[in-house]
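Take this structure first; my questions come after.
By written order: A, B, C, D and E. Residues from 1 in each chain.
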Amino acid sequence: MIPINDFLVLSAILFSLGMYGVLARRSAVLILMSVELMLQAVSINFITFAVYLSPEQFTGVIFALFVITVAAAEVGLALAIILRLYRNKQTANVDEADIMKW
Amino acid sequence: MTYEEGIFYLVAAITVIGALGVVLARNIVHSALFLILSLLAVAGIFILLAAEFLAIVQVLIYGGAVTILILFAMMLTRVRETPAAVDGPQRPVAALAAAAFMATSILAVVSTEWPGNTEKINVISLDQIGRALFTTWAVPFEIASLVLIVALVGAIVLARGEEGE
Amino acid sequence: MLWPAMTQLNFQWELLAPEFILVGWAGALVLLDLFWGSSAGLRTGRIGKEPLGYLAAAGAVAAALVSLFWIGDHKNFADLIDVNNYTTLFRVFFGLTAAFACIASARYVKDRLLHPGEYYALILLSVVGANGMAAASELLTAYISLELLSFSLYVLASYDKFDLRSNEGGLKYMLLGAFSSAIFLYGISLVYGVTGSTHFNAIGEVLKGDTSDIDMALLLGLALMIGGLGFKVAAVPFHMWTPDAYEGAPLPITALISALSKSAGFALFLKLFTQAFLPLIDDWRYFIAALSVATMALGNLVAIQQQNLKRLLAYSSIGQVGYLLMGIAALSPESASALVLHMIGYVVTNLAVFVCIIIYYNWTGKEEIKDYAGTAERAPFLALCLSIALFSLAGMPLFAGFATKFILFQSAAQEDLLWLAGVAVFFSFVSLYYYLLIVKEMYLGEPAERTRFPTPWLEYGALSLLVAGVMFVGLYPQPVYDAVEDSTATIFAAVEDSAAVSERP
Amino acid sequence: MQDAWLMPAIPGAAFVILLLFGKYLPRKGDWLSIAAMAASFVIFFPVLADLLDKVDTEGFTGGGKSWEWISFDTFTIRLGFFTDQITIVMLGVVSFVALMVQVYSVGYMKGDSRYGWYFTCMSLFAASMLTLVLADNLLLLYAGWEAVGFCSFLLIGFWWEKRSAAEAAKKAFITTRIGDVGFLIGIIMLWKQAGTFDISDIFQFAAAGGYDSTYLTAAVLFLFAGAVGKSGQFPLHVWLPDAMEGPTPVSALIHAATMVVAGVYMVARMFPLFQLADPVALDVVLGLGLTTVVLSATMGLVATDIKRVIAYSTLNSLGLMFVALGAGSTTGAMFYLFVHGFFKALLFLASGSVIHATDRQDINDLGGLAAKMPLTAAVFGIGTLSMIGIVPLSGFWAKDEILHSARDAESAIIYVIVLASVAVTALYMTRLYVRTFFFQPRDRQAREHAHDAPLLMSAPLLLLAALTLVSGFLVFDGVGEALGFPGGIGKFVFAEEAEAFKFSWEVALASTAVALGGLLAGFAIWQEDAQPAKRLGERFRPVYELLFHRYYVDEVYQWAINHIVLFAGSVLAWFDRNIVNDTGVDGSAGLTYLSGFQMKFLETGKLPNYALAISLGVIVIAILFLVLKA
Amino acid sequence: MGYVLLALIAIPLLSAPVFMAVPSRYPQLTRYVAALGAAAMFALSLLVFIAYEYQGGSGLRYTLQWDWLENVGLLRENGITLHLAVDGIAAPMVLLTGIVALAAVFVSWNINFRNKDFFVLLFVLISGVYGVFVSQDLFFLFFFYELAVLPMYLLIAVWGASSDFGTFIRTKEYGAMKLVLYLVAGSALIFIAIFATFVEADKGTFDLPALGSATYGESFQKWVFPLYMIGFGVLAGMWPLHTWSPDGHVAAPTGVSMLHAGVLMKLGAFGILRVGITLLPEGAHFWAPVLMTLGVTGALYGAISALAQTDLKYMVGYSSVSHMGYVLMGLATMNNIGVNGAVLQMFAHGVMTALMFTNVGAVYDQAHTRDMTTFGGIARRMPRHSAFFAIAGLSSLGLPGLAGFVAEFHIFVGAFRAGYWWAGALGILAAAITATYILRMLAHAYFGPLNERWEGLKEMRPGEQFAGALLIAFIIFMGVWPAPFVDRITDSVKNIPGIS
């Protein structure tokens, strides 16, 4: 069988990559995509723990289900906001959205 | 190495490659495509975890809805496809931070002795999930529906073009 | 611990009545807006929708009143939602907060925003989310409630569609919010992994035992959760969104973010850390204390530099978070009630400040500090109320800030965190400076013109209520404090009773 | 004697009435002030009689009445009034001279815009001075001491519209105040060991050996500092000549007869302590007295203002009194004080008449007044001769006592110096007299209008002159016996350690010779248009300059005040403003502000930076968690 | 009688609505209301002082205790109570407040710009001051302490005056801000000390008598006392934390300066005594030499600085620093004579500095300058004013028969008794320097030939004369017959632990 740590390490890698994406990217859409990667890692974690460690309650699985749902909603909402910004400012680049600072 | 492990490593590799593609690709559309790859691979991981239902959900919601939404958004926002427009000046620091986090989290995960049987995957049936979802977890389920409504209403209110725009 | 069979779970749906009222009311408002607008033929939706705000406020108050029904109860819904004094306190508190936000919104929305029905509906839904955060006894419910609150606020923050600052603030708020909730979730997943449960009490039960095997993942998870919650309550260094979101959001929403989001965050923070992580307090105490110091320092020092009143209030609210975090760092029954007491005092005061600013904005459309020059002459009552509220924020006597800060700091000192109390006192002193700058502008500045502003009776009424609240808490906090202590006592009692969790109805 | 307290109380009451209602009283209430003073003087006689009755009683050390003022715990202050032999001498002088001066003032001050205020101050002065004299404890003594200083301030600055008067008043008060610093320290030092302010209790305590010798020496030296200031001894003598800015009767009363001798009185009063202390204490008294004698005598030679010359003579006399004290002769000092009160008041009042009549007070503007003002010239002459020390005027007898004690002192130089000072005194007093009353007037106009003072002003002059003539005889046993105190004033004053009147032809002849020599030399030098004096002045130009500039002491002080005290003040003010405030206070505020200014740039407005902050926060917490746990 | 104390706090606070009710177009009515309120306070203060029985007993009189917050959180039975009482130390302070408040109202008579607001704020200030003096609960003591600071900013910044001194400018906003921040900074330390005290006492109450009966460890006392000392010391103008005082006084309107220098600064010294020394006697003993040094330094430093000032208000401001230095010296003696002296000096300085500010204000109102070098001979035009000023000055330089002497004398004696002979001697020297600057000022500004520029000056207003006369009456009363004060003060000082 596959040891639990393999999944967890994969999840950690995925999460870190997502984090990197959020930090390094300039496009709002790309940042959003990176966040999705992080959420994927979370889902993997939840399911892994559920199936390995607490199958009798499998809260993890349910949790993962909710994470995916929320993530989808999040994408929809975020894209609407990005679109709004783009309409007003003709950019989806987060670096350029800095009229408010200091 | 059992064949299961073999498959796992393969799928995991695809996942990671996809993820790398998402965060590294210079072309934003490529990133989106990599994302699809990665998402699908994660669905594969779910299957390896015996959570087929979630894999399906994953494919449907992510592979379908989300990615299409993202591609739409890309087209609507006509992102300039220069590398400079894609990556920020913060890349080196970002890489360091992400690496540090990765090291920390992997270390933490590996050095933890998980309580319970860490070798055996337990199958959780769809029946169980469905039952739990509508009884035990009814409240979060309903709140989640509110979340979706909010997102929906919000997206409409915000994205909708107004008179005179 | 055994997972109770489903049949043992309590499904008294009436326990969730306030939330049902809120949701129903929200739906009704959307519909009302839809039909009212078209039937009146006012298609722009800009005129005549003012009463919607008052209706929404009525809904929020109704929810608050209904929740009073469960005073003294110790019930839970499906082991996910606690209905006890803690929940009741926050339900009432959130309901009233939202009601004031709605009243303050009415004129503002009428003048400046589209889609009022949805606007008020979202406010009511955000209250549902906030209620859920305070009531949840389990992480999934807490998380999903948190997202409900956040989503509502994301939308509301971006609600001024044609204002670049609103767009930008909303975007930052949303993306960072998503990022931080990913972090929070990752933390939850790790904690879930090591404890096998998402129930606060169950987690606490596990952590009471020997945790040396699972320390690494557990602490990593804890760090991530602190990050996620820190974002929600705007603790340094997770606070960066706050000034921008505050500045960008429509004014009533800024008020809502500062009041509702923050206090809901703390309600969850407090409950989670009390019921789940109290056994590890020696591990995390000093981190929270450090966050607290950093938060107070940055919030108050940077606030000095601000020109924009909303932004200043954002930083000042960050500073306040620093004080509130002391209550977590010193976590004990006393400090918990002190924290909640201070939070209530702070939120009431802050709402008063925002109502003042909104009134002023409705008059002039300005929100820079220098625009307040001579307000004392043009609107003496407003200037007086704003001064009182600002002095309260600075912790001056007669007003809520003094008594509640005193109690909060004392509770930290009691838990061997005298140094932290000292730092807090110092920054509280720094804060007086920038509050005084506003007072100075109002009383010493030369007004642009000398005419009096028209009196907005309703808003002034709300303002008077809030200022009365500020004075009440400042002059006679006993009833509020008693109520707060009754409520926080329940979450600590739950810790002690957690062994008997399965015997619950 | 129990009721000696009435003596200050009556003028005190008069003061209060005058202060509050003076404006509404007829004649601005001058009569009230004088009546009060007269009543006070009348009371002096029963008090004296009472004392004379009791003075022979065994173990008599004086007596009086006291009230509790402050009391708590072990700390009690009783304020009371007390009479003994020393007091009575001073009381006589004060009450009599004060009465004379007030009567004189009615004429002298007539028409002044602040006529009523003048008498108000005079009443206050009389009350304070009598309190000082009668005080049975050091605190009340100090209170009286300060109060007379304050009155002196008010009266020197009486014509405060004159810049010089305002300045002189200020100078007088501050200079004496410097001495009072020491005085108060001394008082508290004495209290600290004895636990009481009561003078007789302190004596008992000291006699019982309660004070350590060094400690006591320090304490009495501090006390003496007060006397130095009050009695114008070097180096705090500078205020007295300037004090002549006040109305002349004031100079007569305060700056000649009473207040300035308070220092002598106080030292005499506390003399038992001086004796118990290390001899150094008395040496200091003597040394400063001697220095003052020398300085004032020489400065008197070149001063041209009548009043200033007399003021130098006052300094001179005060110096002599301290010499006597330093040499251990309280009798000499007190006796000189007694007679000095009369003849110096006389001199001042007479000079007041001159000034009143001519409106001039520079001797270079005067001259030849004897014919116009015969009475004034006569009484002035009596005063002058007494001051010079010519037999049989009172000054002679008193000075003789002092010369005796100086001769008995350790060093012959003292005797020589005192003798020399007698000569110099004779010289400048002669100069003063000659220049004022004889020869050609230098300002004819002034002479034209000159006339003797009216009766009201002359009567005090005559009375004082009479006393100047006879009071010296009190030293004789016979005189004393006739008056009720056998043994003369010497025995009377210090019944315990009576000092008999000393007389030796040797000293008397020496002093008379020297005095006459000075007198004749003075007459020779300053006759007619004073050519010899001018020649001498040219010849010894530097000496003249030195004397004319009063040894540059005032200049040095002024320089010190300007360049050290005020400079220190401005440095401190600068320090306070720029270092303490602008750097220390505003600086730390600025630092806070600046740190906020730096911190605000953390908020870059760029989302990735925000995300980075979140990540780093989480990572740092996580790593620290793990490191700390591991 | 406890209700009298409550009334002292409540009258000024409850006057606020009354003031609000007065229409703005009747400024005169506002003044009458203010005068009435102040007169009532004065009468009650006098009552409190006179009726205080000082023979025997615990020292607390007129106790009134109302529950405020208890059995909740950290608080146990009687956790925080509105516990009002006076003791022999508070009684003269209450009287002082009454006197100065009444005088300040009359001096502020001619404030026309928004005089309603002015009196409201002024009365809040007065309420805070009374509160501190009569509180027997640490929380409320601090509450009122801050309350007294609260209105200061507006009082100074709105009704104050900026000054241009050529080389530097002190705006009223600066003075106000500095004053308020300084005082709050000081109270920050007190805050911390109170927390520590509460924890250490472990009584679950802030009641001062209860806290007084607790035991505090020696090391605890040693580190907490300086917090109280410095924290309260700021308000007491303790060197080198005094700079708010001259600048603040200069910027403030006259009535506020009077209250501030006259009463508010006393709160600091009062706090050190009532809280610091009473609760932590061992700490006080340990730190007494430091306090003594600071006190002496302040006395000398203030006096010398005053010497260099040409601005009348700065001079008075620095003289306040100097005199508060005496108060601290008195406290540092830790014996009953010195502490008595300190309290006496609080009263004496309060009255005389109020008088000084009255005078400075009177002349400034007409001349619009306070530069003493530009004056000269104005005693001719304003004789009463000059006499008042002179009396204030003489009291401050310690002329026997006036209040200042009695107080300073006690302090010096106390210092000598405690073995601080050097401090006593320097203190006396500082008094001599005081004489120098007071007389310099009088000679420069009031005496000498009348400067033509000031021909038009008039005598000060009747209201100011009344205020002055009131203050002088007490200066003389205390100077001549201090026993009523001393008896009351002693009654309580002897109960303070650690005072020998």
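The rule is short, and it goes like this: a residue touches a chain if its C-beta (ideal position, glycine included) is under 8 Å from a C-beta of that chain, and two chains touch if they have at least 3 such contacts.
The structure displayed is predicted, hence computed values, not measured ones.
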Any chain that touches chain E and chain A: C, D
Chain hops separating chain D from chain A, counting only touching neighbours: 1
Two chains sharing the most contacts, counting C-beta pairs only: A-B
Most distant chain from chain D by Cα centroid: B
Core chain by centroid distance, with centroids computed from Cα atoms only: E
Mean-CA-position distance for chain E and chain C (Å): 42
Rounded Å distance between chain A and chain C, as computed from the means of their C-alpha atoms: 25
Approximate Å spacing (C-alpha centroids) for the pair chain C, chain D: 78
Whole-Å gap between the CA centroids of chain B and chain C: 30
Of all residues in chain C, the ones touching two or more other chains: 140, 144, 147, 151, 154-155, 158, 161-162, 171-172, 175, 179, 183, 190, 193, 196, 215-216, 219-220, 243-244, 305
Per-residue multi-chain contacts in chain D, two or more chains: 600, 603, 605-609, 611-612, 615-616, 618, 622, 626
Junction residues of chain B, two or more chains touched: 88, 90, 93-94, 97-98, 101, 104-105, 107-109, 114-116, 137, 140, 144, 147, 150-151, 154, 158, 165
Full enumeration of touching chain pairs: A-B, A-C, A-D, B-C, B-D, C-D, C-E, D-E
Residues of chain E that touch chain C when the two form their complex: 67-70, 72-74, 128, 139, 142-144, 146-147, 149-150, 153-154, 157-158, 173, 177, 180-181, 184-185, 187-188, 191-192, 194-196, 198-199
For the chain D and chain E complex, residues of the former touching the latter: 68-73, 75, 139, 142-144, 146-147, 150, 153, 157, 160-163, 165-167, 169-170, 173-174, 177-178, 180-181, 184-185, 188-189, 191-192, 565-566, 568-570, 572-573, 576-577, 580-581, 584-586, 589
Chain B to chain C touching residues, read off their complex: 104-105, 107-109, 111-116, 131, 135-140, 143-144, 146-147, 149-151, 153-154, 157-158, 162-163, 165
Residues of chain D defined as touching chain B within the complex: 606, 608-609, 612, 615-616, 618-619, 622-623, 626
Sites on chain C touched by chain D in the complex: 171-172, 175-176, 179-180, 183, 215-216, 219-220, 222-224, 226-227, 230-231, 236-238, 240-241, 243-244, 283-284, 287, 298, 300-306, 430
